[in-house]
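You will see chain A twice below: alongside chain B first, and alongside chain C after that.
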Partner chain A sequence: MSNTEVEVADINIDVKHLTRVEGHGNIVVNMSAGKVEKVQWQVPEAPRFFEAMVRGRHFDDIQTIVSRICGICSISHSLVATKAVENALGIEVSEQTDMLRLLMHYSEQLQSHVLHVGYLVAPDLFGAPSVVPLISQAPDAVLTIIRAHRVANQWSEVLAGRITHPITIVPGGMSMIPTEAQLGDLAETLKATIPDLLTVADVVLSVAENLPAFDRETEYVSLKQDNPPTYTFYHGDIASTDGYTAPVDKWESVANEYVVGQSTAKWAKWHRDSYAVGALARFNNNAELISPLGKAVAEKFGLEKGCCNPFMNNVAQLAECAHVVESALELIDKLLTKGLKKEKVQVKPRAGKGTAAVEAPRGILFHTYEFDDKGDCVAANLGIPTNQNHANIQKDFEAFVPQFAERGEDALRMGLEMLVRSYDPCISCSTHMLNIEFVK
Partner chain B sequence: MSKPRVAIFDFACCEGCQLQIVNLEEEILDLIGAVDMVKWREAMSESSEDYDIAIIEGSITRPEDEDRIRSIRSRAKVLIAIGACATMGGLNKLKNNFDMDDVRQCVYGDAGRMEHLDTAPTKAVDEVVKVDYKVHGCPMNPEEFTYVVRCLLMGKTPHIPDYPVCVECKMKENVCRWEYGEICLGPITRAGCGAKCPSASFRCFGCRGYVDDPNMTAAKDVMDKYGLSVDMLKSKLVLFGSKQGPSYE
Partner chain C sequence: MNKETIVLGLGNPLMGDEGIGIKLIEMLQSASGDFPEADFVDAGTGGMSLLHLISDRRKAVIIDCAHMGTEPGTIRQFTPDHVKTVKQLTHLSLHEVDIIKVIDLARQLGECPEEIIFFGIEPETVTQQMELSNILTDRLAQYIETIKTQL
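So, the complex of A and B:
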């Protein structure tokens, strides 16, 4: 290599089982004489085969089973499964049920986002290996994060019956509804938590310069709801920042799972080589509809619609924390004005196929089920957010490595780890995920 | 006395039981103060292979996972299984009702033949190595978890309920779910959850496993009384209790 102008040290990054992410992922980078030889985002998670396991199960057990796909987003999985079952069985739920479920769903966004930004991402920004050393370094900040997390969990418990794996969602309605007094108390608790959420945002803002300046254009895919226009997590159609839309029941032709090189790795793509889902995708599709406080948080960080820096997903999550609390307060107000009433749920099995979508905290989530006339499941297909981000993470890696390699191996590894974490991956969720063998 | 060194490991699961540790909220600071947390991949980048207590979440579904759990067992003085996946295989055992090739084909199509998608019938942790303590439930009950850890730190033996969920449900004055025509597994399922599900008007689905000596005759009598079919009962029994495996000896 006598022609090489600058001597570049070889880089060999081999991160086995990346820490501070849900599930198991590996990062492999090999560079020799300044030339990238291999860049891989691998997933060795033990597959769990949920789509196979639900076969033969009665429709009223589906939610209980698939909730266990993910502890962190169990509410999203329960809700989307129940909506898909209802779609298959031709059930329309009441407005009250819809509102209570949406209120429950908001609680999970807050719980998951605070957990992700506060416990998993913040240590990177403070240069700490975990939140543990921060307990003594920045006790007030840590206690504020814990308090916000506790409020989100208490909120879940009021609607879902307990904190993880909800027990109130049944096909056709809710097995238990909160009392009006509980909702009133919840509203007071949520109002009181707003200053804490703004503090968390300010804490992150104080170290936001440590979020790498890295842009890569991609297609951002999320739900979009026009009637009424809403920053939606729960209703609407599939939309992308490239201007395309699709009804939810056509999700399989949006995800277009495909295989790369000789390795038969399944990735997702719609109109480009890859697409991204999650808070930044929702923001990029719906920014003008975010609540006033959500907008204020985004503005603090200079987050604007059209942002294509994946690290800003963390910031979009912070904006959504404020948004879901404000939206929940409006929703509680509406529920209390109408008054809550106990509704009877009656569901009869029938043969049919149903699909539904919700926004899990980490991106758009699809479930499809088919039932026989006894109401037993004959087939299922699940579209998981992290699967949809997988190719996009790989494409980000390929752009990131040449740009940041000159900072040296340690900084590059740290940057790649942060890049994966910024997607808030939920690898246990990704039942489809395969090992990637990237062929240059 | 120096603080015990604690490591947390996850196998096939939803990681919801680790989440219950995070969900201790302010109390987690007491836990971190009382022990020396040396490894917890989901929350920490710090890592050590030198530990006294290993906390295991998830079930064993691949040969390489059997090697990994044996290696952990050989290093740990005490091994605690947390959550249904670890204590009895949990929902992951639903897979065992099918042929493994069929399961792979169903989810991955022809790609399911690839080596890294190999899967074996699901095992609970104690079907592979000795387990010293179990914290039951899906998810585990965080209060029971801290109780077990407290007992360990104080050198006491934790007492886990060996009576059915019905006992706790009656104390909550709930109307029996069977009165609503539902198949509730309360009569044979280990208590300790506070009967959370029936208290939310949701049938017990047995996530804490059977009591040590489940009274199946009584369960069948209840079923006959309400005129429900044996097939329905069987279907509910396998949800979490599917082939509750033999214990390690």
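So, the complex of A and C:
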């Protein structure tokens, strides 16, 4: 078939994903006589109902509730909620608490990134339908990915008290801290996992030519920390690759949420029609500060600051895997040098409003809460990374479809699905229940 | 050294009956002294982390809300071989995991427990609320007795 014939073929893609009670993401493309008639990324509202759920709750219940928003980013939600509560109540936490929480936060980045690249992206690149069939195709790769994911889980457990939905974080401090021996063991485990992470990067590199060559300039938004300059996941202000900055408590005027007809989720834009958050946004804002191994991984793939290929978000995640492990080793070293102390936490309620931001694995995450003088929550607003990316996914779709349509409907659908996956979206994660039929 | 049995409660307590597995695991945790050979874990909606929780245990007991086509409130015991999953996955997001597929992965990796018992509980109300429906609440003691027969 010649290219001309393919170009004029009609395309009708309608990927409907009615997966769960409350959520789905649909991809719709209609082309007729080579002309694009409709390109849409349709998504339902992310879990905004949690905002209603925390109203009336006491400040020390908030993190327990919001940790259930998501099974993958539960540490990020717990940490940002706790920071926002502390901001509202005027609490400064100790350096030790700050370091232990950051160490916990790094563990979630590794858990989530390894899971995403290993279980969701690698099968695409190898042409396997999912990770299960990939076992027979690339057994060593899958085993290495699972080993790295297991280490990340153990790491979370040491700091968070369990693998998901942390139980050690309380407003003002930590209700449980690891022992120095546990931290020492963790450091050894993390050192030993570095070769595995580099292997995972090499495995992805071996099939990296299957990442589509697609560039579209956009605004990349993430945290940025100048004092001290850090590739930050946890402190700092909001910054964009268009050169703008804003304090975290002004996040609502960064996200500028608006309603569109094709989606019940609110969309976001700052200085352009859309912006992107996530690992590539962090990298584009902070690349010069990434750890040596993180830099080495990025270089393997030719990932450079200013990259505007959304598929490279997967590569930025791989670079961050190396970065968080190296940064964690430094943190553990500092904690052990200072020695861990049991700290007493005393928090009194007061009326006030507080905001905080952290980088969840899939992008910048904001929580704002307002409390009355008894410490009961009267208002909440959560800015979820995936919601901030929806408009950008739509704009990518609009640019991607005309460029890749000539490859035919199946390849185009696959490309669009890979594009959505590269954003590592959080769609419909608050329920998971079984849906089964009995065989006999 | 891990204990030979792991009992997992799955679900989300913010979604009504979807949280039944968490409620039951909390009740079992408070009686865990009677079962020294078992770990009781609130696994929430931890998805792929389940793979690591069940690995290298002899037995896994999994308690979960399940659409089984039965009357709301029904508890049913089954093994992975008794069911086929009809859940459709988008594969677009990490935030959807099918425990039946996780077990399949564990089997392929050679680290699946010899024995896996599911307790599925048919929901009445899966919506944004922190309380279980009355139907399930009234049967909590019965569910615990049923589950204990496998511990």
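The rule is simple: the second predicted complex is superposed on the first by the 402 of 440 C-alpha atoms of A that agree within 3 Å, B and C clash if a C-alpha of one lies under 4 Å from a C-alpha of the other, contacts with A are read in each partner's own complex, and residues count from 1 in each chain.
The definition used in the following text is that a contact is a pair of C-beta atoms (placed from the backbone, for glycine too) under 8 Å apart; a residue touches a chain by one contact, two chains touch by 3 or more.
Note that this is a predicted model, so its numbers are computed, not measured.
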### Query
Which partner does A:176 contact after superposing on A: first (chain B), second (chain C), both, neither?
first
### Query
Which partner does A:96 reach: the first (chain B), the second (chain C), both, or neither?
neither
### Query
For A:65, is the partner it touches chain B (first), chain C (second), both, or none of the two (neither)?
both
### Message
I'd like to know which partner A:168 touches here: chain B for first, chain C for second, both or neither.
### Response
first
### Task
Could you look at A:420 and tell me whether it touches chain B, chain C, both or neither (first, second, both, neither)?
second
### Query
Does chain B (first) or chain C (second) touch A:74, or do both, or does neither?
both
### Query
A:368 contacts which: chain B (first), chain C (second), both, neither?
neither
### Task
Mind working out whether A:51 is in touch with chain B, chain C, both or neither, as first, second, both or neither?
first
#### Entry: Common interface residues of chain A - those touching chain B in one complex and chain C in the other
17, 19-21, 49-50, 52-53, 65, 68-72, 74, 115, 119-120, 129-132, 135, 143, 146, 149-150, 153, 162-165, 428, 431-432, 434-435
### Query
What does chain A use to touch chain C in their complex?
17-21, 24-25, 49-50, 52-53, 65, 68-72, 74, 111-112, 115-116, 119-120, 129-132, 135, 143, 146, 149-150, 153-154, 162-165, 417, 420-421, 424-440
## Note on the structure
Residue positions on chain C within touch of chain A in the complex are 10-15, 18, 41-49, 51-53, 55, 64-69, 78, 81-101, 104-105, 108-109, 118, 120, 123, 126, 128, 130
### Summary
In their shared complex, chain B is touched by residues of chain A numbered 17, 19-23, 44, 46-53, 55-58, 61, 64-65, 68-72, 74, 115, 119-120, 123, 129-132, 135, 143, 146-147, 149-150, 153, 161-165, 167-168, 170, 175-176, 259, 264, 266, 428, 431-432, 434-435
### Of all residues in chain B, those that touch chain A in their complex
11-20, 22-23, 25-26, 28-29, 32, 37, 40-47, 61-62, 65, 90-92, 94-95, 97-98, 102-104, 106-108, 111, 114, 116-117, 119, 138-139, 196-197, 199-202, 205, 235-236, 239
